[in-house]
């Protein structure tokens, strides 16, 4: 409790985990008014960076060992969805394995990898947890971990199918592991709320609570958590995607919310406007037009700088920047 | 293995729980060849047994205190779905409360009863557990219990939405509580497999395993567990419903399977034919035509008699009979 | 205002128009608790009363010249939807023309009768107005009148397509003609609210106001006005149909509401439960199973008796009874 | 041409094939006005006539060896669709094999029987041809034959998937075998016209011509040929089914047409009204409510009597009667 | 009548209203053959001209007080649809208010602005009428006016929901106000004809007539009126949009028609080909790909020049040019 | 048989027909690794090459008389689908007729051209056969031929509707003409397998065999044959398209297979990855975004060079290159 008070006082974003290397950064362009701005180097990872890939997007990036490591969604040229490991010195230029990650798994039925997509990586306690949409008689939330980005281990799926966008919190809540997810159906789900669940052991999950529902406009069809929530003095900073259904399909935009620190299923603030929507050619044209889809954020506590990694048009990997304190102010000033 | 052999030797269905009173029974009609036969008194509970009800069906009945008790789905005249308590001396003539059950629940958000339907009751350890389709931002599996059918307590929902047909096993498996369920979507779900999950404490659930998928014919669209599985020397006897989609809608029939006793997600036998399908006027005409939907079975170990309670046309409650050993033989002889 | 008060004092239903002949009547059956009860002679009009008919249902009946007259939906054996004239001495035994009504219409394009269904008849000022679902580049509200049930005249359609269930009020409101209707689409519309509109001259319509929306349960998909509203001291008594979508299609039930006398778009009371739902064989089996659809009500001011004509399963014509004061009390006691 | 004239002169229906035994017959009921009337013994074959059957319907019956033989659609209790052989002395009481027909087929891939339904049988030249909806990577038209209703042989499928309701003409047209069929899709097809095709050898088919399209009302969604066309002086008498889509599903009714004798893709007359629609309990209640589906007709040239076999509610087999000359007159008098 | 004759003689387009300022103009590009050509400055209004906007498109522009004024659809960053006022000296460079228009409305229920989109402005008699798609329990036609583009007043909605693309004629027809509209449903309507309606007072509407239906090709799914019709000697010049449904969604193109001057529901000519279709990047890429949607046209009587304002990809505002007499000739030469 | 052995030995692609002129060619770009590479001149035919065209794509090109000739899909500005003739000296620069081809056809009903699209041209025996999707009461396979690309003759449609992508083999198989096709439905078909059929005379077709089904990924929704198969020592080289359904519509990619030479319904190898997918602006933006659709391939036996013509975004015509032996190796190395 006292820690909570302190955090509120300082209002600094805290990043749990290893020391941050030199975070990618570009200043806000002259005259640009948005709270988030795109990298001029976008897309930072083209669709064909590795020979096996049809597309590389929806990346999950963390600081690791003085550099950066990540798990990337690389759809191959069969258009099968796979998870690949990447390493980078600067967070911009990436070295991605041409072959997908192979997870060790005790249970062979569970570990029979059918497909994996939209990974998130979260440093928690002593290791890097990976969650992803995992194919097991339908999409559900796969859970794995690595200590070193060399060996990867797969645990039990968190939930029954059908689920997507499972995102771990970077610390335990009420003594439990905590995850956001978006229950789905078997196809291009036309609905979707964010729920919260807890687990004492990352095996059994319960205490499910509803967090947020679609509310119209850019977030009228469905919503899903993006990067792992960032703990701040104002609550958990959650960047999330929302979907609008036009007559020509889905449009994926990005918003943000502040969740209660101890009861994260309680939404304190939530942006009515989007903070990023598909407007550039690399976001509007590609395998799935009109998609911006954030999966990771690097945050530098000292400067408050945040670098948000997001997929463009389900085809390429992009980068956008913000300042955490500005973003928090924006959320509070533009809340539903 | 040797235990399994022993069980096969005895081939007696085992019922955990209180002593069975006089189980409802009617002999197989002359010349009737099916393994299951209907009660001549069907529908044993008419739609209007209590003034508040539009329909009474999909009943969950157990032996209790030398008589029978049950939890009934009673849709009221708003067509809202509610759970009502019932008592009976003979399992045929029921006294059902005109008002729905009110559950005690510690968490007010969880206990805010929106709707409940298709209950199952399962005696386990020291009390009667009730599972049902519970409205919490969509359908999911509500869990509650009672010791006395007077006070009812509600626990955490077992799973995230969207789920239906949650059915507990009557004893722990591998030291855990175990449940079958059928993940769904938000509407008249057009798909549905049966999954298995475990919990150490009825709060947190995991170790989810796929059990059975639809396979065409009467069970081609979706399937869901019916009464609580009955432990037999041949495995868990699971009576389940399957759905066929005709050009004029869903047709709900009944089949049966034998699941491995220790690894119940492994199907040992499963009927290719249905064992009951909607053929009588009270099954074919009503609020939802062409539905037979089993939710409870009483089983007398001494005689092997089984009385299956099922809903007819989502309108009335019906009864059918079988002999467990005959049913087991039928499953093995007519397996997929 | 004072008139309103007076009406509330008397609480007598008022019927505008000619003297009522001997209204059809049967007392409530012994032990029956519902506020509405069915005629023992149901269906009072079989599907094949006239040789040309496939079905006769959704009738519009009024007192006329010491007897009764009506306009009936008679689908012919092409399954084309037509309006036929009927006469009856007692409201039970009907003489229906084998040929459909032919309307005089000044405008040939407007009067080119494609199809007409679900008529209502309303005595207003000096004549009997007929409204129906009229085919003019899609379904909309046709308007016509007759003085004598011999010559029929057709006016302009009230609204643009797509609309159904247009029902006139039996007197002017605020000096204007007033109509309830249910905007629709081109098919088996899966939505539908009741709106109110006014016209100075039955040609031009405006001042459209929203009256009621679906609210779940039996009235969760769409709702539509039934017989012409009956003026009572408690407001306009509106009997209406509501539709629930089961996995096997639509179920049409009947409810009732009290609308403000001077601002009829304001709902004062509205039944949460239905007052009639399809439960008999002639309501559950037919061309469209599970339909009760009221289109007319005869009301005797002296006794408060009301006879409600409704279609059964889109196939036959049925009759049900109530007492207006009891119905009003029921609406107020069971309001949403 | 002169032959055509002669036929018109005689106006006798001609039946190619063996001598007709005692055709089933019941006189038109007193006061009944329809051109077709039902057997008082309906349903003449109950759903459970043989132990393996869930339902027996959509029968294909021909005179054979002084008695009657037929191929029946018997859905088994898996709800798999199978073809069974039947024999009868009087056309009313049938002896149906409990096991399905096994066809000899040279090509094992073609002869790998997945499912078969809605058979028709047609005597042509020297044998009895059977056509049915055959599962080969989707529904298409299977073709087989028998000389003796003991050995059955399967030929090549007539067409590419997806097709249903393939019906042979009982004699060659323009020196070719001729077939009507209704191209479909993979599911509960919501469209469907009747086409005509020719073949020199029952292996290769071409010269495809459009015959009839849906036209609204009872035949507004799709239409399909029923029994093999009957050659008459007025043209080929084609009894066919038509489908209307109500808000609660498909309704199958029966109509009739007269096709040009030498250019059977030219429709000379076609009934605007149906001649039979589902109105009895055994037609309106069953596995698929509201279906009458004709597949065979016996016709006695001497008397002009015709016995039409049709399926009721996709569950039972029924019989209806007409007089061919009356039916022809009806078609001409009630043509579109 | 004599005026009509005169108009036909001169065949000059007439613009009712204030004197036209310097109409935007660019000559047809060298070698370009189409009857309409795009501005080289397209898109003339970018999506982010004002800070609050996600997009600015589907503009309604009129000459006003020696300059130009307009009402613009500005979707904000919530993706809520709003109407904003704009002013311009040259019709190219616009000054648009950052805040939406606030209408005065006597009736608070009617004036409770939920959303407004796709406005049209029409000078008529003494003021500028605005019509738009107005949210009132579904989309319908909102009607308002302004004298000065400072104060805006809202009248009754013209029609019951569900309707879109309501467009006033710039003079009374037969003594009545006249409007074209396109009845719709609640979603991304997959059908849509243009109808004509009249009103004596802009409050009550009737005399509804069908004008045009979709006819395949680029105008195969639905059609809707664009700018207010322009009166010419050849009839009302109506520029309209048409929609084709590809496997990847709707494609909006533009066509034109000539309507009878006195009976505008009678179509004299209508282009079989489109006159503009989405072909540039700013029309093919954006919030809704493949949309050109005209809402306004400026026309200079002296020169016959016409400047058409249209939305591109539901994102930006574009301009195209034509010469009215050429366009009329094109319509007549390429009529359906 | 010995011929087959010989072919396998040489492994040279054989082209039946006239001598090949100078085949279009560009070397593989430096560093490009794919087995197919795009022309730097793409799109080689813009959408507006001829005045009447909205778009020109899905071309069918063959060597002819020392130059090249082709049949092109030219959608006109009504968006009607038409077939146009083209001639070219180099295969790159095309002279396309502004008016569509007019076929001579003996049967006027068959020859009543409604629409034609996605043509293929195949030299066989003594003439150039054209197959296309032909409108005859729905899409089916039209068949025609020309000797000189001046006079065009139309034969009987090959199959009943509904079918698309009919592609002839360039020589007889088993003494019969042979065709691949993809049975479809009436709309934007969401399924589709490739089937094989034979004909002795191009009039009657039969011996239908299933060839390939969708298998997930880029070819998960439906597949269809592309250019006429090319005979090689390794089997028939079939380039085909496959469709993936994203949340924003269909994505058309290209793969390849090797079919057995004598039993072409037997697939020997089939690429798991695509060999071309929509990635450039002219493939991703246009009338139908995200489409590459091959219809023709020129192959030079001497060099093994192949030039593949394909449509981009259903708007323009593009060219890609490969070496046949490399492509064959790729297919074998990357087979499912």
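Of note:
The letters A, B, C, D, E and F name the chains in turn, as written, and every chain counts its residues from 1.
Keep this in mind: a residue touches a chain if its C-beta (ideal position, glycine included) is under 8 Å from a C-beta of that chain, and two chains touch if they have at least 3 such contacts.
Computed from a predicted model, the values in this text were never measured in an experiment.
Touching chain B and chain E together: A, C. At the far end from chain D, in terms of centres built from Cα atoms, lies A. Although chain A and chain E share one sequence, what matters here is the overlap of their interface residues, and that overlap falls short of half of the numbers used. When the contact pairs of A-F are set against those of E-F, A-B or D-F, over half line up by residue number only for E-F.
Taking CA atoms, the transformation carrying chain E onto chain F includes a rotation by 120°, reported to the nearest 5. For this pair, chain C with chain E, the centres built from the Cα atoms lie 40 Å apart. If you average the Cα atoms of chain D and of chain E, the two centres end up 56 Å apart.
In this assembly, the C-alpha centroid of chain B lies 43 Å from the C-alpha centroid of chain D. Looking at chain F, residues 248-249, 285, 289-290 sit in touch with two or more other chains.
Chain pairs that touch one another: A-B, A-E, A-F, B-C, B-D, C-D, C-E, D-F, E-F. Within the complex formed with chain E, the residues of chain A that make contact are 33, 216-218, 220, 244-249, 251, 253, 272-274, 277, 279, 281, 284-285, 289-290.
Per the touch definition, chain E reaches chain A in the complex via residues 47, 51, 54, 76-80, 188, 248-250, 285-290, 314. If you check the complex, the residues on chain B that touch chain A are 109, 136-138, 140, 156-163, 181, 183, 185-186, 189, 191, 193, 195, 197-201, 203-210, 213.
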